[in-house]
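Presented sequentially are two complexes of chain A, the first with chain B as partner and the second with chain C.
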Partner chain A sequence: MALPSLTLLGQSLLSGLFIGALYGLLGLGLSLSWGMLRQINLAHFALAFLGAYLTYQLASVGMDPLATLALIVPFFFSLGALMHWLLARFSVSAFNSLLVSFGLTAIIEALIQWIWTADFRRMESGYGEVKFRVGSLYVALPELFTLAMALALSLLVWAWLRHTYAGKAMRAIAEDAPIAAAFGVDVRGLSLLLSGLCSAFAGVAGLCLALSYTLAPGQIYAWLGVVFAAVMLGGLGRPLGPLVAGIVIGVSEALTMAFTAPAWAPLVSFSLLIVVLLVRPGRI
Partner chain B sequence: MSIAIRSILAGALFALGLAAQSALAAPSGPPVRIGSTLALTGPLAATGLVHKIVGEIYVEQLNRKNGLLGRPVEWVLKDDQSRPDLARTLYEQLITVDKVDLIMGPYATANILSAMGVAQRYNKLLIHHTFGTPSLAKYEMQFPAGGLAGDPDNTIPKLVFDSLAASAKPPKSVAVVTSKFPSVHFISLGAREAAKKRGLREAAFLEWDFGNRDFGPIAARLKDAKPDFVWVGGLGLEGNLLIDAMRKIDYMPPLHFHLFPAPGPLLKAPGGENALAATTFEEHPPFTDNPVAAEFIRLYHERGAKAGLPDNSVENQSAISYSSWQTLEAAVTGARSLDDKAIAQWLKSNGVDAIVGRLRWDGPFNYIYGTDLYKVKQNQKGKWVIVWPKEFAAPGARLITP
Partner chain C sequence: MLEVERIRVSYGAAPAISEVSIRVGAGELACVVGPNGAGKTTLINALAGLHPIEAGALRLDGRDLSRLPRHAFCGEGIAVVPEGRRLFAGMSVRENLELGSYRRAARARRAASLERVCEVFPVLRERLEQPAGTLSGGQQQMLAIGRALMAQPRLLLLDEPSLGLAPAVVLAVFDVIREINAGGVAVLLVEQNAALALELAARAYVLEEGRIAAEGRPAELLAQAEIRRAYLG
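For the complex of A and B:
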């Protein structure tokens, strides 16, 4: 068997890095809400696709796709806070949140299909055509943007949780909410804030999806398995975890595709997950 | 009485006569109920919607005429959510609870296979349009109306490589890249064999799992392999994802063929120019010379726009869907009965002239081997045009080889 060229190796590494960043970005909000609010929010994927469709819609009436964030982020923040308020109002447990959010996913999917039909939609944007050449390698702007957003948001959340009073209070809530409340932490307000942020991250991930992919409502479920694997590998409630795990999965998959049969790539993420579960069962 | 007045009176009488005749021909009595499911939600919904629109058009056309055997037609349509297990349950329901008179196939191989099992259990005739693995159809009363041969792994590669061989610049090397989705995978393996037999150098052979998201490494491997022609055994958007990935690394193969693409998005995709695909029908002569097809195209444009479809052109999916309804109408009319066995018997000994061409079922398990109704089309200037075989090519069109 001929050895793959360095260009093939480099391009595959880049491809894995970028898709891994998208896994990380999609997993960020899911990991935080699961680990810190004890809500397994399956609707996160549906929200990301709703964000992608809204970006598509706003861009189709002439708005710059990046500028749509100015509308999408506050809207999704409010949506996330509202969802959390409802779940808290009815004291929905972690397991039940899985069921409720699955129902919400189906509702959002139906809503998307009702508004935009089940047919494929592709956002026309100048950004999709921009790419940079680095030696013999190419870097596409939408993917670079996704990596930048994933890095920036993960680092900002990490810094917020580690270095600010609100962040430390949030970690205290995740540890033991009643005790944190006894120490004067505003459990309700901070939970609403984090929930809103998680949902806003889904909106940002939606923009990245719309920049790079053709959309169809049924694709909501296509990302579920691998992003769950990234979230679990990265550790629940750890802001840098999904990004690091996503990149590990993405790069492993890409190298598998570059060196062996591409059909083996999906085995990578779940094999890694099984290994981590066996070696470090307490991580999740 | 002047000649003019006489003419007007004669015209009025003629119009009255026509109206009376049409009133007499209007269907009456209890409706003939036709049951089917379609993937109206779930991953196959984009194409399921196309089949829904076509079915609605056809049933309306039937009811505007004489219905079926003089009775109005009612289409009982259920959403199988793109799930074969649900399709099975729903067909069971359609037959035992809804007590439909006839059933029509759902969309896509796995769901059709589910429906076929139920049809076999209840001895119901099943006409279907999108069954991609003919070797699995072992029921005597199933009738494919999609124009595919019993051996598409032979006929489609032959068609494609014939078209390339007749082009101005026949390829010398080929890369076969394919999804492992069953109905495309075995045809792609056929393409691999066909290429070998024709002495083409195999630059690459790559398979991916259905649902693959990252086509970057596959694109990079193709760029390394530099084939003259890429056979993409892709389903739906997979071809688009591969094209996107290739464009991102500034590479496009001279020629690329897509087996079962999402035709609308591929038509509009940057990089989709000159892409080849298989089809049975496109919106140009000689197909549009058929007045039935022309009327269908007009109605489909209208309904597609109303349903919010981004691409309203009639192509393979909508045409084979229409042809399957034409088959049902012809068979019921020909057999003069709603009895499944009588209709099946009629179909076995008669062909049907549908808008995709003449359909017939006189081979093993109602499939014909060695020939089909498929053609090669190419995306030329943002429009799909058939380029091979020559007798079906759009006026003036021929395969562009960059």
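For the complex of A and C:
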């Protein structure tokens, strides 16, 4: 086994960091709705891809990809709130929410295929070409943007939950919703707000996907396993968990690819997950 | 002040309590005693908004609360110390107390309420930043009472505050309940420990199989041989 050069190693670490940020961004909404609202939203990935395709569409009619945030965020917020309202209306349990959202995934996938076909789509934007040079390493703007978004959103949610009245009430809902209500917390309203936020995060993650990746409807499932691993490793309902765990997984994958063959990479994330589940099963 | 008129509360198809009527006067301490499974917790939970009331009326100072959404009960001046305490275990003692004063009117007086709760329970002051789940049973009971006091209630509902506590701690908790009541807060106390509850209360109800079996002043109830035998051994 030949040792990789320092430059290659550095570049691997960087790409691991960036893909980890995307894992974290994709996992943030999933972890929050699972941990705090007991809704396992498999459709989170389909929503992210819907966001990616919408960004692609808006960019192709001449909108700046970053400016699409102004439309993507409110649109996905409303979609998430609506979904939560429906799930709450029919009192869907955590396990059934998994089934319902799996069905929703299939519907969104079919919708995407119907509108944009199964062909590969690549968003054309000036941002993809912008690269910064740091020493002998290169950093692309879309990846940097993804990292910045993941960091900013995770930290904002963390601060909201830790330091505001509404955030503390949200944590109380996660622990014992009826008692929180007995002390005046509007459980329904706050749950709608959080669901909207989670879905908006999926939209933002979709925008980041569109910036860096070629899109195809089948890709929805490619992210599922590793992001679930990041969510569980990070601890459900913990706002910084998915990002930290995502980066740990991303970097370990990148290092595995640098030292061995790329095919070994998925092994790393799931081995990590199994080890954590064995050592600290209480985290889930 | 509190008038409960012939309420029925069910779990599924089976009514847990029915035709239950009780009154608590302003500043009064009333208690409900009865065997396990009689529906005491159901009653408290219904009065706290934790469980929907199917039929009957629940009036506080003449205002009917039975159709209000559950998070509105606290704003009407009702605070609960639920069975099993049900603290927010992963959150700090301070955060638990802050959530007690979540509604706006209580929020404005939060600092003063916190000071008062720490005076009543000095042990909580030392542990404000500690997760609630790491407190001992007695301390958790104090925190549950403290959290309810933070809501500035006019009516405090207490469900089995003596459960699982050492005898000395039980007496301390009951002293605090007496003190809170002396401060003008009406109290409805549900207890298995009937001797203790009847000693404290000005009005008492016996709940059996979801119905009020007897009511009156504690002295009157204690004069009835069957009640003495059933609840005081």
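Please note the rule applied: the second predicted complex is superposed on the first by the 282 of 284 C-alpha atoms of A that agree within 3 Å, B and C clash if a C-alpha of one lies under 4 Å from a C-alpha of the other, contacts with A are read in each partner's own complex, and residues count from 1 in each chain.
To be clear about the criterion, a contact is a pair of C-beta atoms (placed from the backbone, for glycine too) under 8 Å apart; a residue touches a chain by one contact, two chains touch by 3 or more.
Here the structure is a predicted model, which is why all the values come from computation and not from measurement.
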Message: Which partner chains sit in contact with A:Leu14 here, chain B, chain C, both or neither? Use first/second/both/neither.
response: first
- request: Could you say whether A:Pro266 touches chain B, chain C, both of them, or neither, answering first, second, both or neither?
  value: first
Field: Comparing the two partners chain B and chain C, which touches a greater set of residues in chain A
entry: B
Query: Regarding the shared-chain residue A:Ala169, is it in contact with chain B (first), chain C (second), both, or neither?
result: second
Query: Looking at the overlay, what does A:Ser212 touch: chain B (first), chain C (second), both, or neither?
result: first
Query: What residues on chain A touch chain C, complex-wise?
result: 165, 168-169, 171-172, 175-176, 178-187
- line: The answer for chain C against chain A in the complex is residues 48-50, 70-75, 79-80, 82, 86, 88-91, 95, 98-100, 102-103, 106-107, 147, 151
Query: If you look only at chain B, which of its residues touch chain A in the complex?
result: 40-46, 48-49, 82, 180, 206-209, 211-214, 216-221, 223-224, 237, 240-241, 244-245, 248-250, 262, 264-265, 268-270, 307-311
- line: So, in the complex, the side of chain A touching chain B is made of residues 4-5, 7-8, 11-12, 14-16, 18-19, 109-110, 113, 116-122, 128-129, 131, 133, 137-138, 140, 143, 212-214, 216-219, 221-223, 226, 250, 253-255, 257-258, 261-263, 265-266
